[in-house]
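Next come two complexes, and both contain subunit A; in the first it sits with subunit B, in the second with subunit C.
On to the complex of A and B.
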């Protein structure tokens, strides 16, 4: 590839100035003080499982300022949902979790809405509930959340509804390769364990905010905090309310973080707006975010591995029981895509059975890593367990089993852009693997290192399109449909356009966030924006360059193919010293108009023609994913064996990003992932008491603070660039992989420090202390020194 | 949530307002506890009487006769940064430093921390170890009360209707006490899982224990003294063996509950660990 001028540079974020000066608009800024706007508030079920006997709204309706009080009777009869249509927008006959929506009030003031909410009288008949996924999964579980499940409509991957072992199981995802029984027979060592992960919250700083405005022309304009104005807003609202796409417009501004949360405040705003004909704003509180955002899917993982004496993995069997909560939401897809992670090692015999189970807990969903961090919690601890039993170095064990470029992985895909080995080497070297720790252990404080390797795929079956307009003043407008959720993708996309057109990045304007104004895109999900939208924009830039040459052809007296457009000039290929400015093509006095051809408008689309969905019975396919991003983490921890406290002393990550379009932004993703990874490993857990969240605020929920993160010199993020042949300039997505190896890396370090292996998340001081005591007892010691 | 916001300029004015509105009124200082409770609807006062406009209630001064006098409106940040406090009663400076974050410490007051009467209030154990007294103003005039008697339950104090806390006094004699406060929490911004203050005055021989106080936070309905552990140490040589025993006794005295931060068992165990650690530091055996 020739010399790059913008790609690979630490261009300052396009939104930096707006954000540091406080002028950037966020969803909650929408409609402030707008005349006629109503405030919507939702009444949530206080019961985990109950039949609704009656709802009395008569007193609520009389509160001055109240314009509408809506209940299950006012919502469409048909059930709706993401993967499975299993839910009414407002509960009709039953509530199934603490936080199920029962009624919506729209009022002229927030106070009136709250007052009315308190006056709605609901009579419930409380039903027995089930909270444990393994209990709920049993064929004879006495509590059945959705007796009508077999008749529910499935919107995607319908085969996930085959072979369900119990009435509360809505998803069964299978992967088969080779023959695991045979594999285990060949194995010299078999390791088998049960692991579990906690329910955690995204804790994005901005709580969901939505305004729905019915236009006089019958269009519903929905302005909301989302990661996808098309799929997350327009398509969903159309489906939920039976509206055609022409009648629903999705709009978004900057949003204060996402990490996979999908609170859907806009559904309640839309419902109330349709019923009242007035604009309605719904803003969730932090407490509401905790039970409405679709938390990280808690999993119980049974893992069995078989290896040869020399460390060769011969068989892996994994069974996952996923606590999806009261409605399936996006969890079937999370479960399916969570299976891709295991492809990083060569495993000839592989069997995966993952079950999505209904329980009376809040619904779960997508969370940075999309179902991959949970299996890695088990798999990457197993690699260390195996290495120890075989007396092998754990780095070497992993290197030995890593799949190689060009090799067919356990899903039948050809491996490409494989930077995992280099990631491992980088972190092992920085942390000083095999060398003494940065501080010695004492009687009570044990210091050690650990690491893990993980990854995150990018989903293949999505589409991106883009438009690019070249203006007379040399500025370029780039239109696309993927939203800015804080990750900095607009800057990266501008760099891609600038590089392709040969113009300075300052001349690129990126326009996004409105389904009425930008072309279709699947949204800022699955670490796909850089690759998919980047490619679409690149194609659109190439298209506009062709158009420039074609338009210049008669003016310059040369065939289009003999001309080249670059940096606002059109050159003769045969004689690059002769050129003409693109601006000369335009009509005098007009910004964008050409004499004949309207505008210099290019368009581009990116999608995979040959992708395959995977065989329903075996999960085998040829192109299931677009790209893999590998991440290795290495940590050094200090464990206080008297209190169970773990301090992360040093942390190193190495991430294979294909190519870093903007290295600083990649590092920022890595650092954020590390913070979230430390939180998920050591502190974070939503505590539920019979389905009710006990710690739904930042005071009681254990998000890590600055003080829990290693400082500048003790934190290092490497970027590895195993170019992807289909990525723009070799880039692939990387944001989601940033936390997938953190928890097992820390667990491995804790084991190396103390000899205690924790299999349940989070590794709280209390849990670790209990394990240390149990270990002491086993070893016949009395309780440790004071 | 509807309330009237009242801003008296003197203590008598404040007391008059409290007398008029009785239980429908609540006092506010920095508001860092109160506003959280109002927002969560845990309380719904009709009148909020903000003391922060009352001048002269944020003093910190020391004289050899009375000891340390701190006004109820002195901010936690002021205690943390006061060289006077740092020099005479470093345990209070360190407790202040371990309370919340700088932003909260700027708003939070000492009076608010004590009157909020949380079992985990970080300023209470150190002050009780130093035998501090609460200065209370009320319709019947000013009274003093040992701080350890000030707390009567979670969120409850001995303040009677119409009374306010105006200050805290720490006896001059306690300046010779070697005292520490250890907070067991993930970071200062988190509430204590366990807080332990230990204060020791050694005999002239420099070895045996002339006076000792062990005060536990977050492990009982109120901050509490571990009196049996204290008794076990009094007059004894403060060595490792005595400390291990006292720590064990203190753990037995604690009456913790299980909540979102920790289980009762874990808290009990941490009382043992942190009482041991605090006593070692106070005795100069460890740093």
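On to the complex of A and C.
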């Protein structure tokens, strides 16, 4: 692969010019000041659990400018959902969280819509509510959110499980390998702890926005800030309204950040547009984004590990209780896929039981890492706890248990493209593991290092298609259906096409974001675009090259297989000094060539054959994932033991990306992941009071700012390239892996600094001070908190 | 009742009738179609709506349009030079990969412009402190800081 000319280069982002000049269009920017556009606003439930007695919309309807006031009566009777059909888009009988949708108003001005919203009178009978997942999971929990659950349709995923322990449990996902009881009997040391993670919000800067336009032919054109023009927009609107795909055209523009978010403003825009026959725009306020977006699934994690004296892991048992909120949404899949992370170590006896539980809190969903960061929060702290107890070096303990290339992992998959060992070595070396810290500890400020290793899989059961058009001016149009959520995929995909065709990247135009104009793709999820869409585009480029050679064959007097299309020229393989420009194929008057203005079109599709969902009882299968991206993080922190404040002084990441198509873009993902990782570790938590989000603004929700990150000289992101044989030029996805190890790495550093082991996220000053206090109380005892 | 407001936007005298509660951000976007001014929080916490008001960076979501009467507003659309060339900050943000989703970018660039106008040779710490009011969820800020430092050097004639 030494002769690659575009892949591996730091090509400047194709969208950079539009973005620095303010001309890039986002869903929120569509229809600015457009006459005739209606504005939609939604009335949310103020109660965590209540029965709707009556809704009076008579006064709201009289507000001048109001075109529609819609309630549960106006929505389809059938429940819908991603994994469990448990929801009406507007509540019909009951509301189940503070923020459940009750009514939609569409009006000629935003002011009229807001006035009408305030005039809707809803009478509720407030019901008892449950907020704690462990309480909600009990078989005798007096609050049952969905009494009809056993009759609900449970879609798509066989691994929702059937032996559900309580009436609020919608998912029980299992993984079984070996015999954990036997494994624990063999162990010389058993470590067992309870961990928990917080509900956190994506906080992408673009607020959820959507414009729905009913077309005269009955088609609904709907643009939105949500990723995945086919699956996230078109398919979802079809599912909610019972429409065929031919009647729904999904459109996406640039997306102002995503990270797994799915706030679904488009459902309300679509509803109002369908009912009024008018175009409707819905933009959520920041506050609405907090409680309507599907936040990161909070988990309570009971982890039990058994190890031999020499550090060999022999058994791991993990039980996860997941607070999914009032509706299941995509959480069954998050829960199932969260299990993949554990396969980075060789563990002969493994047992995983994860429960998805309904509570009266805002629903959860996907968040960068898709269920993997949460178990790693526990597992990677355990590795340090075990290492200390065995007096082993924690790097060595991890290296010893790492699964090797070609080895079968604990899910039954054959390991390939395994760069974890190199990632660990790189970060350990940069941070100076085992060497003094960059500054000494004082009486009150303790400085220490810590690290963690994690991974993120890419989903296997998706499909990508692409079209490539070779134009007569030498420019190439690439059509695909994934979205630009900020990760730079358009640039990476252009580089892949340029490399395959041998043309300069400046000649590639990438077209995306419209289900009526680009071929199907599963979307910008699961760190999959580079691999899946990249492969589809590569195949389409190969297809168009075959077509070019076949078309040129009679003109050049050679068999197609004796010709090669590269860089806009067609060469004789036997004599590469002789060639013809591809553009000559378009010359008029050449009877054997293309008619003037004809097109050279290639197509390509990529998907995996022979993958499996895994056995529902054991979670075992031979091909459950497409690839794994490994990431190691090493940090140096300063802990102020008087204030509980933690300052991250230095941060190093190493990520196995398979091959970096654009190293700077990979580095940029790593840096962004680090910032979110620090946020999730130290600051971020949606604070809830009986189901109501208290800090739903950027003032009170602690997203990291520039001053909370290490300076540029104290930050290093390495890229490791364990080529993946199925990836385009060896590349695999890496966007989500970028934050999976941050929180346990920081927790391990805090422990090394203070001797305090924090098991609940975030590691706020309050929690840390409380733990330090408890430690002081125990000062007489020799052992630490474990 | 709507009030008549005259203001200079990106060098052009403009007139608009605005409700007294409309923010400058809202008016720039909805009345003038200047979508480069982003609204992300609408509470002044993130800086995405930053514009230059009489040369100083302000949060246009916190300023009522009627309060901008008679003042000079520069938005991201007005930052390019008279020859249409990119401002060194725009150039640096492109070259240093300081852009990801792009939603914070206009506010970042205009805040940096205001910062460099006051302090043409800031240290990295001064950049971080001076721009800490602007949130970005994608980049982790490293490349934004790098771009501002590079633009500062370029504007001072130290090409790099």
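Heads up, the rule we're going with is that the second predicted complex is superposed on the first by the 765 of 786 C-alpha atoms of A that agree within 3 Å, B and C clash if a C-alpha of one lies under 4 Å from a C-alpha of the other, contacts with A are read in each partner's own complex, and residues count from 1 in each chain.
Everything that follows uses one rule, which is that contacts are C-beta pairs under 8 Å (C-beta built on N, C-alpha and C of every residue); 3 or more make two chains touch, one makes a residue touch a chain.
Please read all numbers here as calculations on a predicted model, not as lab measurements.
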item: Touched partner set for A:705, first subunit B, second subunit C, both or neither; value: both
item: Contacts of A:642 with subunit B and subunit C, given as first, second, both or neither; value: first
item: Which of subunit B and subunit C A:588 touches, first, second, both or neither; value: neither
item: Greater residue coverage of subunit A in the superposed arrangement, subunit B or subunit C; value: C
item: Touched partner set for A:694, first subunit B, second subunit C, both or neither; value: first
item: First, second, both or neither for A:151, with subunit B first and subunit C second; value: neither
item: Subunit B versus subunit C as contact partner of A:486, first or second or both or neither; value: second
item: Touching partner for A:683 - first (subunit B), second (subunit C), both, neither; value: first
item: Touching partner for A:436 - first (subunit B), second (subunit C), both, neither; value: neither
item: Footprint overlap on subunit A, where subunit B in one structure and subunit C in the other make contact; value: 699, 705, 707
item: Contact set on subunit A toward subunit C in their complex; value: 10, 12-13, 15-26, 28-29, 32-33, 111, 202-207, 254-259, 285-286, 485-488, 664-665, 667-668, 671-676, 697-699, 703, 705-707, 709, 711-712, 715
item: Sites on subunit C touched by subunit A in the complex; value: 19, 29-31, 33-43, 45-46, 48, 75-77, 79-80, 86, 90-91, 93-95, 97, 99-106, 109, 124-125, 127-129, 131-146
item: Subunit B residues within the subunit A interface of the complex; value: 36, 184, 186-189, 191, 243-244, 247, 260-263, 266, 269-270, 272-273, 276
item: Complex contacts: residues of subunit A adjacent to subunit B; value: 642-643, 645, 683, 687, 694-695, 699-700, 702, 705, 707-708, 765-766, 769, 786
